[in-house]
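Listed below are the structures to be examined.
Across the two complexes that follow, chain A remains constant while its partner is chain B and subsequently chain C.
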Partner chain A sequence: MKLKLIGVSVSMALSSLSATAQDGAAVFKQTCSACHSIGKGKLVGPDLKGVNTKRSEEWIINFVKNAQAFGEKDADAKAMITEYGYPMPNQNVSDADIKAIISYIAENSPAEAVATEAAPATTASAPAAQDPALDPANASDEDILAGMNIFSGKQRLENGGVSCISCHNVNHNDLVAGGLLAKDLTKVYERMGAAGVNGILSAPPFPAMASSYKDNPLTEKEIYQLSAFFNKAASADVYSHQRAYNSNLLIYGGGGAFVVIASIIMLMFIERKRKCVKEDIYKRQIKSACSK
Partner chain B sequence: MLDFLLFGALPYVALAVMLIGSIYRYTKNGFQVSSLSSQFLEGRQLFFGSQFFHWGMIMLFLGHLIGFLIPSAVLAWNGDPVRLLVLEFSAFGFALSSLIGILLLIKRRLTTKRIQMVSNNMDYVVYAVILVQIISGLAVAYYGRWGSNWFASVMTPYLRSVFAFNPNVDVIAQLSTSNEMALLMVKTHITSAFVIIGIIPFTRFVHFLVAPVDYIWRKYQLVIWNWNNKEIRNSRNYFPGKSRDFRNN
Partner chain C sequence: MNVRSQISMVFHLDKCIGCHTCSVACKNIWTDRKGAEYMWWNNVETKPGTGYPTKWEDQDIYQGGWVKNGDTVSLKGAGKLKGLKNIFHNPNMPVLDDYYEPWAYRYQDLFDAPEGNDQPIGRAVSLITGEPMEIQAGPNWDDDLSGTPDYARQDVNFKHLSKAEQEAMFQLEKMTFHYLPRICNHCLNPACVGSCPSGALYKRGEDGVVLINQERCRAWRMCVTACPYKKSYYNWNTGKSEKCVLCYPRLESAQAPACMHSCVGRIRYLGVMLYDADQIQAVASCDESQIVDRHLGIYLDPHDPAVIKAAKINGIADSTIKAAQNSPVYKFVKEWKIALPLHPEFRTLPNLFYVPPLLPAMASVSEDGKYDTVSEHLLTGVEKLRVPIRYLSSLFTAGNDQKVVDVFKRLHAVRVSRRNTTVKDVSESQLNSVMNDAGIDVHMANAIFRLTSLATFEERFVIPAAHREEAIEMLENTGDYKGSTGFGFKEKPARGL
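Our next item is the complex of A and B:
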């Protein structure tokens, strides 16, 4: 019986292993493609073409699982993180999945992996250059305004997702101070470009953001409008005022609210403190006795 | 690993201990399921501490509960920046109210001899946990602001995943990649929340479980008062069912 059970579980484990191995393409699309391409230039992260020959399997697995911790030990990883400005978010994928992805990359990297260095540079601008009408830099004012309203939550996202301002700040004269939980997005367009913004918004690589938009993704139009707004905000940042109240907004507001709340509590309940619970009954008693 | 213990395992330990412990305590010493009142021993400081603390706590608890049960309503409310500010300011105000209340209560317990006579060690543990909980909550609101919004979109799915027995630890472990202070405070806030749930059966926290909620909708208590107690001392003046006016009978 026990042997049979072990046999079943082993065969199940094997079949699941082979299933994931075949799914290298699917896993790549779901997990990596937001920030990485294979042979189409760098997006948010580097182009992964030929990464299987450049780095060892072990190196890639360590990097994918916890880039920040690995960067403290490995000089190459550290150089990579400093080059791109921030560590890659930790990915919750199994070793088998990572191996499947590597073999998928190996299959899809053209043989001339060590090509001329000029080639990626020309392809880098390709996604934006494909269609000038879709380049956020050419967006109309309406699209930019719509992007700002989507950012601040004034216009709800079509699929009901949470507004960007909950966690992100953009310095803009027409917006209240944004959230501080995640990165400031004032300069995001300069940092990542249209392709990067598009990649992150269509398949967020950060766990908290991914979980927020898992069931209610942004539409293509919303992403375009947001990119247009980010592009505008990055260039208009020089002209926007610095908010003096920014960091103490909650302290002032909350302090004011506390004064109101404390007054209400006192007005409602101070009688309980000042008078004995039975005072009314007691007074009535005295009154009726005296009226005789 | 620590993240997994705190956000993947602690919730279940806490909930199990709370359930089993509370049932045990209720069946074993039902009369002790309360937070032993000490109003009789000291009433003045208790009034201010208790009012500020409890009103703040009740409102914050309801706020978290609404965020958990109907997140889409919270998101809809927060759509307009003015409404977002109203919600955040009032939540922060209630938190300040709780903080001031608990500080007054701690001072009362530490400085009143009568109260010290009826305090046990767990009362001090309760104060420590509550203080950590309130201060970390204020810090989350301050350092990781617009928490009311991201609670609805991130914490609610996490809490649901906990109740679905498939806790999504990653969401909390990597809640923020750029704001370490907020991340630390959120983790502290969640951990101490589960600690509070876990120690319910061993502390005065049991009074949550027997809060007289039905007082809100129960009927008025009919207090019959005999207006002139001199006249009704004489039974000749009392004819039940006829009239309330004894003098005319």
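Our next item is the complex of A and C:
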């Protein structure tokens, strides 16, 4: 009986493995390529060329699934997080998929590169810089404005996705304060560069964002305009007025609400008959010892 | 013309001796119950004084009555927005201490106390808590100007008097006071009815008595705040508000209300008045300077054929119209014009009128040390009265001094006329000038004298048949009960019913 069960589960595991293994390339493109390249230099995250030889399979699985938790246990992972400034978002991919990705990376890592290991870190904008016309830094004012409108939701996304401001904030004089659910994007362009922004927007690696845009992805034009806007926002940030209430929302909002509620309560008590009309008479009366 | 009938009253303040018999009669019948001990549906106040509840006339404190609002009136302390704002409490309500904490004495202790060195006493026990208490106030502790700094000098009506006039009222040989018995005014425009969110208060169609339906009352206590006369009281035991019912069970059997029946000074008169209900809004919202005239003008002449016809169309019984024609109230208020409403500026159009007190008859001490009772000194003119007219006008005419003076001239003329009849020491010219000045003749003076001094019970109280049978027929078909009621049995007879 026991043997039978083990046999079934093994065969299921094998079959699922074989089914997904072929998709290594597809999964990599969908899940990893936004931040990682293979042999094309550092994007948002490190170049994954030869990672299959540098790290054990178990290490990679742990890191991909929950980098932050893993970082607390593993010194290498911690160093990695410290180097990039933020942990890699947790990826909702199965072990089999990760193995498929690793094998895909192994197939595509040129051997000589593994030997020399550290490829010189290319600049962040390197891949995007191929065509200067597509460089967000050179975007026209119209594109920047369009990007802002897309961000703020003033302009609908072509495929019906939710506008960025629902979850993100960008400090900008022309924008209202955005959501606090996800990271502040004011400096995202400085942090991640054109390639990173482009990668995240075309294939969002973060679970919440990924599921939001799974069925209604951004178009290339929208991505370009948003990148242009982020670029502009990052550089214009020093000139924009800081929206301090963003971080102090609780204090200001709570304080404001308290004032409003308190004044409504005060309204009830205003003009109220506050004391007995005989109070002055009672005060003049001589009190006997028996009652206080 | 929308003629309705209204039971109205006149209290003749010159005759009130401040004995509180009316209050006690009322208390024994109606408010000698748990939760009602502090209520005095009838109370007698001394004026100047703060009254009961203390300073009830000050609507800045209690927010009672109506205020003019364009061509209509709105409640001073209630209304939709104010009600919403104060939905969880009723901010301007008098508290128990504004009335007084009722108490009784433990008389039984006087009999049951064991023998000892000390005299047994009956301690005061609160009727609210049941605990021994320190008595701090009573319902009439301002009686006869007692506690003057606390009560009389705090009279709300003094705000219309200068400091010197106020002081004069408390100087020896210039001092004056009178009594002011008060019951519910059963107003034509009752603020209590207008304020009730539950619709528990209503004005009886047949006689205008204002009542609180105890089944519909939901203890909002808006009527307690809204009534500017503070004649609606909250019973903390039953959780319902109560007020003077004008002894309607007695009225329906042609008896005078208990307070009036028991009145020692026979100051009280009760009768029917016919009034035009269509005018109520216009009168209640008229300018304050006109309110007394407009108010008294709403009452119709019951002898006028047009009024009688309109009254019959409205279903007013012939017996009621006849009672209105004989009404002593109609004579005092409309024919003789010597009775005035109390605080007409509250705009509730009260149906209780007061003959203001012509006080006091001023004797002067002659040179030989005896009282000089010669008429020309005793019956000096209105302008030499001790009581400031301004004080009475703030009580009865919303500040119109001339109205009070007119009444006093008539009362004064009646006295001079009677003096002429009985003592015969008034000169013809003096009599004529006084009578002309007051605008009355000897015939009217005698009529006023007769109804004031010699009136019989039937003349003072002209109570129409209540016609309850008609009221019942409006609600039920009496035919349904024919043959089903009659003789009652405590135990069923053996043969069955």
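In this section, the second predicted complex is superposed on the first by the 217 of 292 C-alpha atoms of A that agree within 3 Å, B and C clash if a C-alpha of one lies under 4 Å from a C-alpha of the other, contacts with A are read in each partner's own complex, and residues count from 1 in each chain.
The working rule: contacts are C-beta pairs under 8 Å (C-beta built on N, C-alpha and C of every residue); 3 or more make two chains touch, one makes a residue touch a chain.
Remember, it's a predicted structure, so these values are computed and weren't measured experimentally.
Residue contacts after overlaying the shared chain place A:D280 against chain C, while chain B stays out of touching range. Within the superposed three-chain model, A:R272 lies in touch with chain B and with chain C [touch as defined at top].
Between chain B and chain C, the partner in contact with more residues of chain A is B. Residue contacts after overlaying the shared chain place A:K29 against neither chain B nor chain C.
In the superposed model, A:A182 lies in contact with chain B only, and not with chain C.
When the two structures are aligned on the shared chain, A:K221 is found in touch with neither chain B nor chain C.
Note: residues 269, 272-273, 281, 284-285, 288 of chain A belong to the chain B contact set and to the chain C contact set alike, using the contact criterion stated above. Only residues 50, 53-55, 61-63, 85-86, 88-89, 91-95, 97-98, 132-134, 136-137, 147, 149-151 of chain C touch chain A when the two sit together in their complex.
Interface residues of chain A facing chain C in the complex, by the touch rule stated above, are 267-269, 271-273, 276-278, 280-282, 284-285, 287-288, 290-291.
The touching residues of chain A, counted against chain B in their complex, run 86-87, 89-90, 92, 152-154, 156, 160-163, 165-167, 175-183, 206-208, 211-212, 214, 249-251, 253-262, 265-266, 269, 272-273, 281, 284-285, 288-289, 292. Listing the residues of chain B that touch chain A in their complex gives 44, 47, 51-52, 55-56, 72, 75-76, 78-81, 84-85, 88-97, 100, 141-147, 149-150, 152-154, 157-158, 168, 170-171, 173-179, 182, 223, 225, 227-230.
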